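Below, chain A partners chain B and then partners chain C, in two separate complexes.
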Partner chain A sequence: MSPDECSFRPMACELNYLSNSDGSAFLKQGETVILAGVNGPVQVKQTKSIYNKATVQAVYETKNEKRLAGDEGQLIRLCITKTCESALLTSLHPSTMIQISIEELEDNGSSLACILNSSCLALINSGLAMKYTFAAVCCMIDEESNNIILDPNTLQLKKAKAVFTLVFDSVKKELITCQSSGSFKEEELLTSIKKCREAVHHIFEFYRDIVKQYATAI
Partner chain B sequence: MKETYISTCEKNFVNKAILADTRLDGRTLLEPRPLKINFGAKWGSCLVSLGQTRATAQVSCDIQTPKAARPNEGMLYVSVNLSPLAAEHFDGSRSSEATAVINRILEKCLKESKCVDLESLCIVADKKVCIKSIKLINICKLRFGNLYSILFLQVWNIRVDITIINHDGNLIDCAAIAALAALMHFHRPDVTSTGEEVIVHSFIEKDPLPLTLYHHPICISFITFENGKTVVDPSYLEERVGTAIFTLTLNSHREVCSLYFDYMENTALVADVIPSVSTFAANYAYELIREVKELVRQDVEAKYKKEVPEMNTFAQCIATDKVTSMISERINIKLMTWNHYNQADEEVSCSMETDPVNEEKSEIINVGNGTAELVMSKSNIAEGGKNMWHSSDSSDNEFEHWQDVEFVEVKNREKTPAETIDLSGDSEEEETTVLSKLDLE
Partner chain C sequence: MEQNSKEILPARYLNDHIKADTREDGRDFLSFRPVSVNVGSIKNADSSAVCRIGNTGAVCGIKAELGPPHADAPDVGIILPIVELSGLCSQRFRPGLPKEEAMCIAKIVEDILISSKAIDLTDLCIHKGKLVWILNCQIMCTNADGAVVDCCIAALMAALKNLTVQKVEYTPESNEFKTDPVERVSIPLKQMSIRTSFALLKDDLLIADPTSFEEDMATSILSLAYNEKNEIVYLHKPGGDPISDTLLKKAMSKAKSHTEQVRTLISTAQSTVEKK
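Right after this comes the complex of A and B.
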């Protein structure tokens, strides 16, 4: 197995990238570049307001118009909303809205994982109370060799039999979101989950490093 | 959400400051903010920062039927989107007044100044051709994967999408620079027309072609205050306090392409503004366009050589020396179970051993089973563990909950320069310093 197949691409991140958002993160995983911003709690429209908790809304922008218009964009928005909702303590801010805006600057594979990681970093940066942080790992099963490839790029994804994006929480390392495409066997999914769970602590480590670095200064 | 109101206090303060030729960010009246452009890996994608105002642009193209009135010309379409990231009062819809104003100015700047050679974007002039549809699969990824052809489509339609991602005033200038830089950077696929057929070549088959630009128009905005002073490149606060906005579109030959005036309040002073700033605007536009050209040239040349540009890529958006940024190397996952795809077993305990040789290298060498791995030697924060908090009324059953609590270890260390800054000083002059990583060590 080559190093390309079982490693995370280099990650680089800057928090507080935008001056007008409450929290923002500019995350680069390999060549995939995502900008995430969080505004909240802010005023909510009467129709969307929930009386006992905050409404979580995701806005997703990409340069790929086909994806934005189609079902895939809707799916990504739903995935961000539900994942962040599970992590946030929404009952602390009733009748308000927490808005997560994602701008996809460049996509070179594993974009959903990068989107979720950057939204988690933006939430950490915004200082909203959370039950746990979450981290997403993308993996795919190769068509020919049946190998599990971590953090694939666009070139590798072309040969994929199935692609999973798995999200874990930081406390118990339990699976909180799973998005899959392609056909696969049950045991392949279980193996992928197991391997991603082992790999995910590197991302939490990255979160911790960046937060430790600036939290001690402020 | 509504835009926050601006207080009379703030308004008076800004007005008084301007009267004394001072601006809140320390600039002189006719001093623009620094410009930074970062280009993406794709053709025609860039991120422009004008101070804190940021905009991204992406140029894309497809083949369409031309307008009936102009069958020999390609089409140019400009679209501006104000993302909710930029400011809390933007809701992301494309129909707001602010969007319409910026869109219109950019259309005047790019379309009506005729800076793009639209005639060269015509593929088949005024003739209906029948093209065999060959392979449409890759279009969505590469836009033109292999051969792309549909019935009766004859000209290129160039589309410029601009997204404002941070609002700190002067959106027009920032969007105009982004649009121009993206158009200059963009390359379209080459086409061959053989009478009956039109073949669109992928970037691998034939080198892509840049767009032809006759001249390079750019917008420069000014704000006039009620006391008659005019500033260039206004910030968000200045934009809201000022009484009239004035945008001049100029090219590098000092020619005016369009003018835009907007009175926020009635004022008689605006007629005097144009003569007072036009010379400055022409010089500044010349400098700005030269800077944009140089940045685009560097990136395009690097891309022609098929190498990763050293400067101004999206990776360079991340400041390396800030406390809030973090850059990691490729992380190798080294697990003993990694090779046994089918034998993965719940019972397999990951008894890991440190291999000093493998830790040094950035690549894994597959030596055999159970060799490569990574050990977390230090205690893991936020994964549960012994409680470090002191509680005055600790009872036994609380210990169970502590397993779920995340705690952050605070290490004793020497005082950093950040801590030694005396905050109790009563000097009114404030000094802004950016904390860098070196200060913290």
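Right after this comes the complex of A and C.
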């Protein structure tokens, strides 16, 4: 499948955007823009310290006040933390903390997928050891035509019957994180997963291109 | 002796059980704990239910209040799920401010209600733009021993199925309303969704309905909610180890049959109340 067939919105990224973070990424997927920074390993509060591995903490800021104050922000934070934790080799840095800060600058659909992709790029940029990289794809099922649309924008999302955010690892391309809304049949889920899995390697390729741009020595 | 080994060497304790092809409470890997539901146990609430899944317990009480609708959605009522994980349900929680975990559960409960279209929110509207029912669904966890959200959802669904509200007469001219203290109208539950949890232990071993000890030891947790039409309304897997499609399908088929059982159970509990 070519990038056009997958119909991803154009992606653009800049690494090392922030000077005071250990790793940072500024990612644009269509009109959705996310800024991610990673700090770590840093000192951790006694109450949050885990003796045999690093604590992963996510900070999520958005201008959407309803989302920030409500429970939704909390669920997004959980999603970022757990996904990054699964990819990072946290046992290398016991009793420390790895902090991932996300700033949502613009949201035009598929924001969770963009958040996760930018945090992965920031983690790559920070040089922390990881088991695998991960890539998130947002896809929706159209209410009328039952078509699967990848990387939808806000306008398309209004007509969605179901929306999924699926995260795959780079090694086996298996599902790390999954979040859904709306109701859907089992077959629809399985075809969506299949389609996203085929499309996800474009994102991994995109990661590789970006890192190549910044790798001056090799 | 057994208790000691669980606390000192939890990984070995778990391994010993897996090797013996069993779990700490003697279940098979893919069997569920017994579920019990009691409807209408709190008299002060408009509707209530108590649900237990093994040791895990949750109480749900619904209070219906009258109030103005949101300005951006004038013809629909409001459902507010509130989840409380008090200090008494597990040693992990300390009394005080609402916990992150409780907020996440409240959001998951809300998402399931919206995704499954459990209640037609227009049924809660009394007069467009002026007066709607606001359903405060307070869910309290009494014992957190794994699969807390499943238990909360089951309790909430049982309570919603039983929900009746006072009859209201509204006069738009004077903006006044009168509630009838005796006559009650029921709010129909369109779709009853039930959520089931699975945990992935190391070496890709899938277990159903994990206890809190198993949840702590799990590499990943997966949960699915099905509605009455056998459609999935919620699929949640926050991080953890990757899951293969075969395991996902296995979990789906198990969840579907279990959902059916719990749904029948809630309906039975409901019918016993009606007989009274």
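We take it that the second predicted complex is superposed on the first by the 209 of 218 C-alpha atoms of A that agree within 3 Å, B and C clash if a C-alpha of one lies under 4 Å from a C-alpha of the other, contacts with A are read in each partner's own complex, and residues count from 1 in each chain.
We adopt the following convention: contacts are C-beta pairs under 8 Å (C-beta built on N, C-alpha and C of every residue); 3 or more make two chains touch, one makes a residue touch a chain.
Source: prediction; values computed, not measured.
In the overlay built on the shared chain, the residue A:169 is in contact with chain C alone; chain B does not reach it. In the superposed pair of complexes, A:202 makes contact with chain B only, with no contact to chain C.
Counting residues of chain A touched by each partner, chain B versus chain C, the larger count belongs to B.
Of the two partner chains, chain C is the only one that A:72 touches; chain B does not reach it. Once the two complexes are overlaid on the shared chain, A:9 sits against chain B while remaining clear of chain C. Once chain A of one complex is fitted onto chain A of the other, the partner contacts of A:52 are absent, as it touches neither chain B nor chain C.
Of the two partner chains placed around the shared chain by superposition, chain B is the only one that A:18 touches, whereas chain C remains out of contact. With both structures placed on the common chain, the touch criterion links A:191 to chain B but leaves chain C unconnected. Put simply, chain A uses residues 190 to touch chain B in one complex and chain C in the other. Interface residues of chain A facing chain C in the complex, by the touch rule stated above, are 70-72, 74-75, 77-79, 81-86, 164, 168-169, 172, 174-186, 189-190, 193. The touching residues of chain C, when paired with chain A in their complex, are 100, 103-104, 106-108, 110-111, 114-117, 220, 227, 229-245, 248-249, 252. Within the complex formed with chain B, the residues of chain A that make contact are 1, 3, 6-21, 24, 26, 28, 31, 33, 35, 37, 39, 42-43, 59, 61, 63-67, 99, 101, 103, 105-106, 108, 125, 132-133, 146-148, 150, 154, 170-171, 173, 187, 190-191, 194-195, 198-199, 201-202, 204, 206, 208-217.
Put simply, chain B touches chain A in their complex at residues 1-2, 40-42, 45, 47, 52, 54, 56, 58, 60, 81, 83-88, 92, 140-141, 161, 163, 165-168, 314-315, 317-319, 322-335, 337-339, 341-342, 344, 350, 362-364, 366, 376, 380-384, 404, 406, 408, 410, 416, 418, 435, 437, 439-440.
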